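Presented sequentially are two complexes of chain A, the first with chain B as partner and the second with chain C.
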Partner chain A sequence: MIKQGQSLWSDAWRRLKKDRIAMVCLGLVVLFTLLAVYGEVVYFYHHAKDITPAYQKINLDLAYQAPGAAHWMGTDGLGRDVMQRLVQGVRIAYKVGIITSLIAIPIGVLLGCLAGFYGGKVDDFVVWLYSTFASMPGLLFILAIAMVVPENGLLGVYLGIGLTTWVGLCRLVRGEVLKHKEQTYVQAAKALGLGSGRIMFKHILPNILHVIIVTFTLRFPAAVGTEVIMSYLGIGVQGEPSWGLMIDSARMRLWQGMWWEMTFVTLALFLLVLAFNLLGDALRDALDPRLDD
Partner chain B sequence: MLKYILKRTVQMVPTVIGVILLTFVLFNIVPNDLAAIALGKNVTLEMLENFDQQRGLNKPLFLGTRAKNRAYEDHNLADGAGRWRAWSNAVYSAATATLTIQPGAAINPLAFPLKDGEYEWTATYRGQGNLAGTELDAADWQTEKVRFQTMGEAGFATAGNPLEIKALKLRRITTNPFDSQLFFYFKQLMRGDLGFSEYFKQPVSRLLLDGIPASLSLTIPIFIIGVVVSISLSLVCAFFRNTFIDRFLVVIAVALMSINYLIYIVAGQYLLAYKQGLFPVWGYESWRYLVLPVLIGVVSGLGSNIRFYRTVMLDEMYKEYVRTAFAKGVSKPRVLFVHVLKNAMIPIITNVVIAIPFLYTGSLLLENFFGIPGLGYLGINAILSSDIDVVRALVLIGALLFVVANLLTDICYAVADPRVKLK
Partner chain C sequence: MSENTNILEVQNLRVHFGRGDERVKAVDDVSFTVGRGETVALVGESGSGKSISALSITKLAPRAARYEGGRILFNGQNMLDLSEAELRSVRGSQISYIFQEPMVSFNPVFTIGWQIGEAIKLHRKGIDRKAETKRLLKLVHLPERLASAYPHQMSGGQLQRCMIAMALACSPELLVADEPTTALDVTVQREILNLLLELSEKVGLSILMITHNFGIVSDLADRVYVMKKGRLVEEGTTKNVLYNPQHDYTKQLMAAVPRLRPVEQNSLTTENTENTEESK
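What follows is the complex of A and B.
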């Protein structure tokens, strides 16, 4: 049966709404996004006014308080509220997820489009470039990039993750563009005498947007996970409450029975990654019209 | 077959060159001062120059006959007096960004004695004086190149009149334009020389050889157990497709995938080793020390592997030969374990062979947490202590092994599926 007046997006949304798990995940993602925005506002407010925010204030009298009415998730070794630091951790995680995407996705899309559309020498070059990057040993390569970046801290994390994770998307986009290039609407656009750039970015790109959206949703949690590991190792965030640093400080205390910081950070990290992973899977199913019922 | 292997090997060459170039870009071009990263803060310029000398960093990048030298580093006078603050008879003016050498002065601005060779000053000056044995005399601003040998005088001397300087740089003159950092790196690799660890004061190749056995003792069990368990579980999924067991395993797989590697290690160490006392917490003395890291390694990889193999199996399940087999009355287990598994071999081979290079780099995190003295342990510590040569060697060898594993995959393809060769 053909339904009239339904775009791909409303169609996809209809399919997504039917998937109860996906909707729960979407809710979680929205919740985390709100927390990240709230965290950014709090950070920005304290930063602009140049005062020490509560999540950085050291008060040794309050150290290692178990979760209670005053501190829902307890306090850490320096008497700082775990819940407030956790929210700041969401902010850092989102910053990493978004900024690395802003580096990796444009590179992947641009190179993939050029390679798929022009073919020949351009294609050979792009394929060579991504085969080279794909050969590099994952985490070690990311850590090496972060090491040679002059400034320590988040910049190294952004560049390390951003410059290594465009390969998969580039390959996907190239494949899709190759497929679309042969289709009649592209032939028609060519016959009309439209420029290559316009055909690539105005005609083909909107048709492969779903690939980019799904990739974004699935690479986001991967980037967050990598940042946690880097910060834990002391190569990433410094002086700000990243989840990696919180795990680092909570790890030793765990052995003495202070379970709360570890538990809540782990839980938050798990939920964030799980929500994005499941949502990504659901989006892929919803946006792929071939699987239509 | 031989022709196919040869063809694929030749196709591998550009990627190998790409990998070498990428490590060159990462370690020679990106960092503005590799020696400073490696040696830290409290070092003299001469130590930095020696570091550069040893690694060929004091040569031109790609091609050229002029090389920088740390005895007088490029310095823009508009930014300040720099090292000229040391001489009272050289007066710096921030307003005009110039330096005036007073009459009757003799100043040698080099930070340390130069090594043998021919050098060249490029000076933009006004006034009268002497630089490295060459008389300078100009009423208006003029740029002059002054060549000198190491033996002679390298510095400035003025007599009755002052000499003003606007810009100054020092270059070493090399005779061979191909004597560059890139070719130095290539030659080093050709010799099989992977560099020298500043931290351990040992050749990198020695460190790698020492670390490989420990890494392999950890990664090979993880690899084999992981492949067997995940393929078995994916077959279970395929067997019970769309039943509770299948869905349950899929959910478990996604959940396992979403747990951070760090958490597996921390939780495993705390719950199993510390709380339950089932395994030693840290160390590398007997096989018992390996049980927990191997367990963690297997479990952490299980999620994505089950999902991958399940997709592979289900893709095969829809093929016509499967339907034919069922129609002939072949039993379900036989179809799965004989027909499907055999045909699913190609994607499985890819996944398995591609994982081999990672056996060599070991597991960065596992080795670090459990104190297993393998390459992963070496790698993390090299990064934390900025031991450049070790990191570069690990990255390079990891990448080259990946390229070789890719080649092996293609050859396995060709063996498993004769159609591949014809393409």
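What follows is the complex of A and C.
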């Protein structure tokens, strides 16, 4: 009997629901997302009213407070609440993750589709392009871009990470399209008189969507990690509480016995990366129609 | 069938692959015609160039293929002269294809209804797609509810019916059926062939049937062309070729086919119907 109204997505959701670890990770991701939205609201509220938000207020009387009732995650060396800064850090991490994905994924998908579908000279060019990009040490390249961008800060981070991380996805998409364009259903679509663009994006792309979604969930935490490293190196975020900056400043106070800032920030980073990675793995299994039970 | 109304005339077609010493003459000086409302079979073994000939009609042969000569006149228009855009407007709307393996000829992530709708959307703008899809499914004797089914939920025979529905979506004049029954089991083959026969009469379709099976030829075709290694070796009306084959190769091909309908007794057909699975 044929089940009605069953689609790729509801199938994937049904399979994902059975995976307990994936559901825990999904919960974590939702939690982080809510925190990011909350952080953005707080940021905008203070920005619009031009007041210094609590997480930026320096109050040396409150400095070096261990986690307690007033400050659940303690305060840092300048008396700022670590938890509030951590939430702001989620906001920046999410911005980096999403905006760099918005740069990298379209480039990778578009070039990969074109290369795989048309082959020949187009393919040669795309392969040459991503080989060139891949041959440069990633972090150095990101640093170079970030330094060239006039306005030092987040824009440099976005462009630096966005423009360098499309290579892996491009390669994957190219391979998948190569595989799919030889299938009979593509031949059948051609025989119906469909144009190349429609075949590529309307017929082949949905078949390789799981590759793209999984890539997103894997590259999101990677981008966050890169931002942390860049901020730590001093060419990323300036003046805002990114996790990288927090780790950097916490590192110097560790010897004073101030363990909480370092602990909570690394814990948050660890959980975010772990949740996205595990969710990505589960999604890959759930979205592949050939793995249907 | 009147003589001067050929819908398709292929004249001295040459399709080659590779160059120099590696040149393969997949189709070498082949000519055939399909009359209006006529069913013509192109018969030959694997690699005889029959599929390439069929695909060449709308220039769908693999990219490596080169059209070295000849003309393909469809309604008097040489298809080899058309631009890609002009060819696209012919494909699906005037010339449709059915492929060998229905199980892989559909996009696995879309419903059957959506895929039939694609053809309608492309060539017949402003038509109620849902109603038209239902009409087409009815035409090939499938229940309407299958429109919301996915390819993997259907049997090979059902899918081949859907394929035919899709091919007929824009009421083409010529249907090219590339081994439409090869991947199906025997009783389903019979159903599909009957359906094709019925439709060709009902909507006045011309059919170019590509096959290696003389059993199909005898049931369906008005005329037969036999191909071997890219060349035509024999042609004629089905009757003439079947009862009086001239070429050794034709005789071999005929001998290679297990008969669907034994001449004297009907014992073979009953044997075949026993171990067939009902469609899902």
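Please note the rule applied: the second predicted complex is superposed on the first by the 282 of 293 C-alpha atoms of A that agree within 3 Å, B and C clash if a C-alpha of one lies under 4 Å from a C-alpha of the other, contacts with A are read in each partner's own complex, and residues count from 1 in each chain.
By our rule, a contact is a pair of C-beta atoms (placed from the backbone, for glycine too) under 8 Å apart; a residue touches a chain by one contact, two chains touch by 3 or more.
Everything numeric in this text was worked out from a predicted model, so none of it was measured.
Judged by the touch definition given at the top, the superposed model places A:Leu192 against chain C, while chain B stays out of reach.
With both structures placed on the common chain, the touch criterion links A:Ile235 to chain B but leaves chain C unconnected.
With both structures placed on the common chain, the touch criterion links A:Lys49 to neither chain B nor chain C.
Once the two complexes are overlaid on the shared chain, A:Arg20 sits clear of chain B and of chain C alike. Between chain B and chain C, B contacts the larger number of chain A residues. In the superposition on chain A, A:Lys121 makes contact with neither chain B nor chain C. The contact surfaces that chain B and chain C form on chain A in the two complexes do not overlap at any residue.
Chain A makes touch with chain C in their complex at residues 2-6, 8, 119, 183-185, 187-195, 203, 206-207, 289, 292. In the complex of the two chains, the chain C residues touching chain A come out as 58, 60, 63, 87-93, 96-97, 99-101, 104-110, 118-119, 122-123, 145-146, 148-150, 152-154, 163, 166.
Contact residues of chain A toward chain B in the complex are 128-129, 131-137, 139-141, 143-145, 147-150, 221, 225, 228-229, 232-235, 244, 247, 251, 254-255, 262, 266, 269-270, 273-274, 277-278, 281. Residue ranges of chain B in contact with chain A, taken from their complex: 14-15, 18-19, 21-22, 26-27, 30-32, 34, 37, 254-255, 257-263, 266-267, 270, 274, 357-358, 361, 364-365, 379-380, 383-384, 386, 391-392, 394-395, 398-400, 402-403, 406.
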